[in-house]
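Both of the next two complexes hold subunit A, though its partner changes from subunit B to subunit C.
The block that comes next holds the complex of A and B.
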């Protein structure tokens, strides 16, 4: 038996990147800007979208909901008369804990890209895995909530580093918690210097206008992030 | 558990370069800034490589330390936290502050030099034909 060594030097996720670029080309062709929104489960992704998406002015928005199973989130978004497509990783994707470029690609035919300017991809709730997989987005944003602890940026630096916006949600609960917002912001700054942050409460509406403005601004930032 | 998807991606990459032959070893470079658990990766690799050209291949993981460079003063540092200190070492002042991704001297955000790797560096193939049951596309999903 003869053994031969072959030099490869290839990123293991190269195939995902190639598909992500194809998605990006499809989105660009239709002039759709794409946000990949990530967080731990229960941080308030869907609630923040409910609070912000119904009033985006001229920006026509659509949502791609990623979940392991169920359509609870998509039903909530559909209730706002916003076009939404549910993607379940339980169906044909082995119940994966994140969305990857191929999963998003499979959902593109169900999205009427000509009818929207902005697509928000609500990733699966998970602070680790989604950070590894580009899906063809322009920008990545995440939500961390004040019930999660100030140390999360230090424990999950990959996710906090992957995002250019970190939304701190549930600030209405601060009076009831031993939570130090300044320490959280310092920890975000430690792992992702210069990252944009905003404090919001999707429940009371505090800070939501700022998030809405940020979302509305995404279409004009074409090509800001490769 | 993204190690499952990454294990599949490593198998796919190796198969693509194996010219239809059996893969006996895969060398992977894994940076410290990637949150990939090596034991978990090895566990899933064994599963996703079953019944394919990579079955039984030796997955060799080389760990790459992280390093950043300051774009202003060109100093280099490692932003990875040091190994966990024992209770006695921590002392009354608490643990030392974690290293930042900003330059310790001039405060500029550092550029990642190393530590982001998730790379199939090389594979070793055998001229022995893959077993009859081998199918290149075998995956868990």
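The block that comes next holds the complex of A and C.
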């Protein structure tokens, strides 16, 4: 006697999850590890990438730039002679405030995956919605800058919780701010116990080597859930 | 002979617009002028309100605090003995990254409109979606901080275009930044010609009096399109 097979449809019905898995399959096939990098607008994603990507040793890196519109950040990355693809949500994706798996999928044909080992996806500057959409990445990292206030992990917990790494940027400005780094780190620990943190200044270079090492060592989660 | 009346349904079909008009009707009935205040996370909305709202002369002010979750900002405003209502999108509104007219409407019963002349709605920290939703306000204002970079008007033009006033905050940090104020102002002018701008430091108080004057003088657009 055959039993009826009951497919648990929950995951399958989530189109974003389905497409994220397809992206992962493509990345895995080419041995490309993928970082989804997120932050509020102006926290310093592009500046940190400029400071770190040009010296990754043997690791061949590519960048997917997410923006509502324009290509200012992609142009900056291209200036480093790093392959970069601009993905705008303004045209075709309703000006969305985040990247999702389908948008990333639309850009994959423009990426030569065989020519890179590491893909950094620079998400749209936003502390809310990007955390809700897996895009097929291995790891998620975020930047919070010390000019944004120590309270941000408590106000945007989903974002801080979603990320394996929280980079604390603009530490060169600490002498000029009323900012308690320990309080920020405690707030991060509250919402995401055990999260890795890193104090950096993309401007002065402080801590950038540590971020570079982290990028070089991003583990592949091949086969893991996208 | 009767002609068929053809209702132009475009506006009527936009539920947000419909509800924003209803909010406007309520605000107008009580003679309350309304500011929708927006910015990226950490640009200093709450700090600027703390610095400016306690000394508005005859103007009785109230605040509607929008956050994904928590009431940290509302607690700060309440400390000034100003009536404040917390509106969270986490419960009941799907953790949305912006306020819309319906969310604001849900909070109106908690606001004693007869006891205030001016309502400041502090939107959720986000440079994308809040600009897309009228909530029944008279004017929209935004804060951009000098730590966010001069490029933000070009990267988030809808937000900068939506606002009658752009407050440039954290100017006390200018000596410590590579930041060209003239370039920022030129970029604002590019996307929103004629927009009013104001240089302030909520921390040192520089320019805060000008913002306070602006708040006190917000004109009612009673009868205008919500």
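Keep this in mind: the second predicted complex is superposed on the first by the 205 of 226 C-alpha atoms of A that agree within 3 Å, B and C clash if a C-alpha of one lies under 4 Å from a C-alpha of the other, contacts with A are read in each partner's own complex, and residues count from 1 in each chain.
As a working rule, contacts are C-beta pairs under 8 Å (C-beta built on N, C-alpha and C of every residue); 3 or more make two chains touch, one makes a residue touch a chain.
On a predicted model such as this, the values are computed, not experimentally measured, just so you know.
When the two structures are aligned on the shared chain, A:68 is found in touch with subunit C, with no touch to subunit B.
When the shared chain is aligned, no partner comes close enough to touch A:117: not subunit B, not subunit C.
Looking at the shared chain after the overlay, A:137 reaches neither subunit B nor subunit C.
Touch criterion met: A:176 reaches subunit C, while subunit B stays clear of it. When the shared chain is aligned, subunit B comes close enough to touch A:14, but subunit C does not. Of the two partner chains placed around the shared chain by superposition, subunit C is the only one that A:147 touches, whereas subunit B remains out of contact.
Legend: residue contacts after superposition of the two complexes on their common chain; A:97 is shown touching both subunit B and subunit C. In the superposition on chain A, A:161 makes contact with subunit B only, while subunit C stays out of contact range. Touch criterion met: A:129 reaches subunit B and subunit C at once.
In the superposition on chain A, the residues of subunit A contacting both subunit B and subunit C are 96-97, 128-129, 132, 154, 156-158.
Residues 1-16, 92-94, 96-98, 100, 128-129, 131-133, 154, 156-158, 161, 189-194 of subunit A touch subunit B in their complex.
Note for the complex: subunit C touches subunit A at residues 40-42, 67-70, 72-73, 95-97, 124-129, 132, 145, 147-149, 151-152, 154-158, 170, 172-173, 176-178, 203. By the touch criterion stated above, subunit B contacts subunit A in their complex at residues 1-2, 4-6, 9-10, 12-14, 17-18, 24, 28, 33-35, 79, 81, 98, 100-102, 109-110, 118-128, 140-141.
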